[in-house]
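Read from first to last, the chains carry the letters A, B and C; within each, the first residue is number 1.
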Amino acid sequence: MAQSLEQRVDMLETRLALQDLTSDYCLGFDKRDMGRFLAIWWSDAVWEIGPPFGDFVGHEGVVHAVEDILWPAWRESTHYTTNLRLTSVSTDALEGICDVYCIGNSIDGQAQTVAATYTDRFERRDGVWKIARRKVTMQHFSPLTGITLAAPQ
Amino acid sequence: MAQSLEQRVDMLETRLALQDLTSDYCLGFDKRDMGRFLAIWWSDAVWEIGPPFGDFVGHEGVVHAVEDILWPAWRESTHYTTNLRLTSVSTDALEGICDVYCIGNSIDGQAQTVAATYTDRFERRDGVWKIARRKVTMQHFSPLTGITLAAPQ
Amino acid sequence: MAQSLEQRVDMLETRLALQDLTSDYCLGFDKRDMGRFLAIWWSDAVWEIGPPFGDFVGHEGVVHAVEDILWPAWRESTHYTTNLRLTSVSTDALEGICDVYCIGNSIDGQAQTVAATYTDRFERRDGVWKIARRKVTMQHFSPLTGITLAAPQ
């Protein structure tokens, strides 16, 4: 069962590549960089955001969710992903779970906080890892009542 | 002093294995998955949570702390671990420090926030890395007064 | 274009080394460990904190910012860095972006929260990676009005 050094290095690279995908989700969304955000999804990916937003399929669905629903809902946001844990499915498929914290202002200027868990399926096609499915489970999505979040002037 | 490629790959794998232990602590606790949570601890591990909870020893102590004290105290929680830094002690022992943020509701429905630092000793036995000791130092553990955390319906 | 196994392992080590720099920034600052904090910066590094703090140059500037301005402003703080994404510039230079969340008390005992993004330039000199430039962009730096953060007694 011993793996070759090449196989072990491949697995290490895979792990960091998947970490990059989870980072680009946050950075692409928060910096409103659609190129970075879209590049993490396979063209047939499924993004199950769930209530109150719904589920979205393919690049068209992802762009629609972001540009028509989520970016208009947030004035600004910062997402933080940690705790990524991977389970091997096959050489070219891994399942992952990770947690996200988000803080920012909704479009009406109300401070908001979110804690959620992403359950992911990552697939490698032609040597490239991307997200095939991401399911969002929210622990909370709630206003930070009485708090005003603003950058220093 | 130059390390072989094999030794360097082993160290990279070790680092990611220890990262996984810190992730499984969060995921196991928050998802109430005792199998995942318990698997990170050596059977003689010491978990120094400190005030107001106390210290716990061995798998029996860990199960007691979680099932009898901590899970009953939290209605739901999300822990986020970052900043893991390792210091080599020997080939099969490393010391680590990392930070955790936690947000959730205590059992009475009060929103809570925690910031803490974990000081860890990781040991490799028969080729497997687990936690031999984790000491918790809390920067704060405080109610988010006036804030209600809830998932979207 | 295929890389040797040695080059691939070097890249993996580089990535973890840069992750360590971003962790030591948080741990060094929050634990008030100037040795750890200063060791992440090249002696000619530029730290662009921006308003309301300003920009700082070299180890002298870094020490001045921390000891004379930032530590006196915080009673305690915890920084959490995630989402580190790297872009190759050359064999010995990488650009990075990552997000930080911070929570703590300012010196007057007011709870504070910060969300910011670090844009970094990392350079390898004589085989060692350190930060050559870090620019801070704040999404918010705001009081958690009505909330008291304290450790359990």
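The rule is short, and it goes like this: a residue touches a chain if its C-beta (ideal position, glycine included) is under 8 Å from a C-beta of that chain, and two chains touch if they have at least 3 such contacts.
Keep in mind the model is a prediction, meaning the values are calculated, not measured.
Q: List the interface residue numbers of chain A and of chain B, divide the shared ones by all numbers used, and answer same when the ratio is over half, different when under half.
A: On the two sides of the chain B and chain A interface, the residue numbers are mostly different, under half being shared.
Q: With a Cα-based fit, what is the angle in degrees between chain B and its identical partner chain C, given to the nearest 5?
A: 120
Q: Which whole number of Å gives the spacing of the CA centres of chain A and chain B?
A: Measuring from centre to centre gives 23 Å for this pair.
Q: In chain C, what residues contact two or more other chains?
A: Within chain C, residues 5, 9, 12, 80, 82, 101, 146 contact more than one other chain.
Q: Report the residues of chain C in contact with chain A in the complex, numbered from low to high.
A: Contacts found on chain C: 5, 8-9, 12, 15, 51-52, 80, 82-85, 97-99, 101, 113, 115, 117, 138-146.
Q: Help me check something: in the complex, which residues belonging to chain B touch chain A?
A: For chain B paired with chain A, touching residues are 5-6, 9, 12-13, 16, 20, 22-24, 26-27, 30-31, 76, 78-82, 101, 103-104, 146-153.
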